[in-house]
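In what follows, structures are represented as structure tokens.
Same chain, two partners: chain A is paired with chain B first, then with chain C.
Let's look at the complex of A and B:
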């Protein structure tokens, strides 16, 4: 009878074990200062530039949502890999995590983003769809959208001298409308993110 | 020299915003045109025939304009059934002179319409043309349908100037307010930007149009699960898009006119548009290829009452496509002399017709050496309308546009040459 239920309970429900289990005294769990958690709000105002969403390498980890009159970035912890890039990309210091913002301020670094517009001339039929659909072009040349004729050189790209020329890609906001409306996949927008330090390239 | 607001003499879009820079007789820059237009314009002065050529016992020799004109008038006067064919890439003025000359000769005048949108016109004659200008489409349409055509390749700027991507006066968010439906047998480039791509099995257009008509009529119960490869769900979706649109515009190309069913297809499309007009506004426009092929129909119609294939052998204008069309006349070896103007049957007609063409006296009026050149006895080079000659051309929606010249190469215009041939004809045959 050495393996009866009574024996079993006596063997395992020991007062000391239970006490240790329920009243264990360990040091409290605190994040070390260098630990990078999920980005949190600093309370500064978000301008809805979406730099954070664009730099984020993980699909669905950050979303800037409207709350009444203001915008607020939301982090979805299940997707976020805590890389901290959104913190670095935000020009308004809306987000912070670990020592990212502190380091960034000390070293005067920032992430700047620009867009490179590339056209494959052998595929492009110069239809002008991208030229008239581009929202930046529409602003730069108010008659362009209605006539299909670009009348000034303030636009990002235009049909000139038998080709689609990109003349102001620094104005591109990366909306990719042009890619969407191009029937021949001839235009491509590449985002170029660059870490820069003040006074240095 | 910089020429502004020039008109592109390539396709039926007749884009009128080109900037062309010339140095002497060379074009050095073309702005705003698509690939097709700029390629044609950049080579404006090139590859031209220096002067008229005539064939003597199989050998080409140079001839003077007088001699060539004399020859042309001679063969037309000698013939019992002269054919005056082509007319799509020339000025309206020349087309008009051509009609008068055909009438005096008692000949047949036909344009390239008979091998492209002829069926569209037959359908329009049966059930009417619910058309409008491209300006209406641009400013109002929130649904664009392209059927049996690929505007990206054939009319590259159609979408950016007149339809989907152009800003419309009555549309707030430009192209985001518009829907684009493409119906074709092949998945072309245009499919990648369409909201709905309907892939029809070749020859199935008529059935698909009928199914859509049934659905719009409220009789979707008669539509089987698939029609010519298109699922009923998609047809219901397309019909709903059409009915919900505030203003729909259907454009169609030779994929509809020249596929099995021919003019019946177009008739069915017009009747679908008619049906849709019970629910909303809907229009239909053929996408015309050559920049002034529509002009030939307009000019022929306002002069003779008929749009192409007009036969004057009975002293009055007579029209019977299938009988008086160029292909059929040639296939039956009926015409015994031909004047070909600004078109290239050598590249497009059946072999049987070309054999006959090569066996009769034929004069070609064309600025360049073409596939038709080897088949003719005499070729007279002229100025190209829209390059070195001004003139009238009709856009695909029937709007006449004055095309301008930007080069001076010293060639006579089509109107001048045909006018001179006509003068010679008149010396012999009195009106």
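Let's look at the complex of A and C:
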């Protein structure tokens, strides 16, 4: 008879059943291979381009520090959100995590970053502070006028005919010195990250 | 004989960890990961971890969230209600750094270790359920084993 106490006792006092009951561990405590953990170093040399720090969406999560003669990115676990963007942004494959680098190589994806210079014409007083303060302008035209005028067309922006012209914003390195010196907060630098696949936009 | 008794106590204690969790202002991402630990995929209770929402019957407090100012005194009260031996684990980035909420104008007061003693932290935004379980399982024996001998 299938429903007697003896049937139940025989059913439940089996070695395998007891083992499952007391020692069952359904999910092994290991992370799956697709899991993105914290970015780890691959051993390739860091060139200190700081792409990883620029793309990082969280404050204080990654820092490129000097160790002897080389630069090494450091990840701070309490701040990092494991998005994997630093791995994708790095042109030298210094960092790797999960399958990010593998997928990136397979799909030939790239992240490029440029900076957009926006000037609010109604707030700008054409003082030329931004033109003079910009370190890229100083490299491009050492003869820069004190009021922001320049005879050179290689500068990022310059004052001409009493107006501020942004000529080469692709040269901007995103240092935001111009934002700091602007008396009216008229100039703004925006970082534009663009993802491309196999050279196509 | 006392050794054997102590070993038995330690074995039982390592299979009976009672956990309370408190959300001090998170985005609910970490709460969902803690709840995922309860699901059949991870099944917390097979490791002997039991979740209560009552600090008086808890051993371990899971602190989630970046600690808004409203929680400062209440978190301390919750911590004081837990009977000894006790430990607090910070879950996620928020109790460590404030994560996305710790921006200009954010009304938060991280880290949580300013308000209550934190024994371990599980960083991540959010951390995996496996990481949470692993933290609880590795912390509990060090806190609860031979507790009588550690008492002052």
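Rule of thumb we're sticking to: the second predicted complex is superposed on the first by the 165 of 201 C-alpha atoms of A that agree within 3 Å, B and C clash if a C-alpha of one lies under 4 Å from a C-alpha of the other, contacts with A are read in each partner's own complex, and residues count from 1 in each chain.
Basically, contacts are C-beta pairs under 8 Å (C-beta built on N, C-alpha and C of every residue); 3 or more make two chains touch, one makes a residue touch a chain.
Bear in mind the structure is a predicted one, so any value in this text is a computation, not a measurement.
S.K.: Between chain B (first) and chain C (second), which, if any, makes contact with A:79: first, second, both or neither?
M.R.: Only chain C; A:79 stays clear of chain B.
S.K.: Quick one: chain B or chain C, who's touching more of chain A?
M.R.: B
S.K.: So, A:129: does it touch chain B (first), chain C (second), both, or neither?
M.R.: first
S.K.: Taking the superposition as given, does A:30 touch the first partner, chain B, the second, chain C, both, or neither?
M.R.: Second partner only.
S.K.: If we overlay the two complexes on their shared chain A, which of chain B and chain C does A:181 touch? Say first, second, both or neither.
M.R.: In the superposition, A:181 touches chain B alone.
S.K.: Of the two partner chains, chain B (first) and chain C (second), which one does A:146 touch, if any: first, second, both, or neither?
M.R.: First partner only.
S.K.: Which positions of chain A touch chain B when the two form their complex?
M.R.: Listed in rising order, the residues of chain A that touch chain B are 124-129, 131-133, 138, 145-150, 159-162, 180-185.
S.K.: Which residues of chain B touch chain A in their complex?
M.R.: Its residues touching chain A are 15, 17, 29-36, 38-39, 42, 138, 152-153, 156-157, 159-161, 164-167, 169, 174-175, 189-190, 192-193.
S.K.: Using the touch rule from the top, collect the residues of chain A that touch chain C in their complex.
M.R.: Listed in rising order, the residues of chain A that touch chain C are 24-27, 29-31, 35, 58-60, 77-82.
S.K.: Which chain C residues qualify as touching chain A in the complex?
M.R.: Contact set of chain C toward chain A: 40-43, 46-47, 93, 96-97, 99-100, 102-103, 121, 123-125, 128, 130, 133-134, 137.
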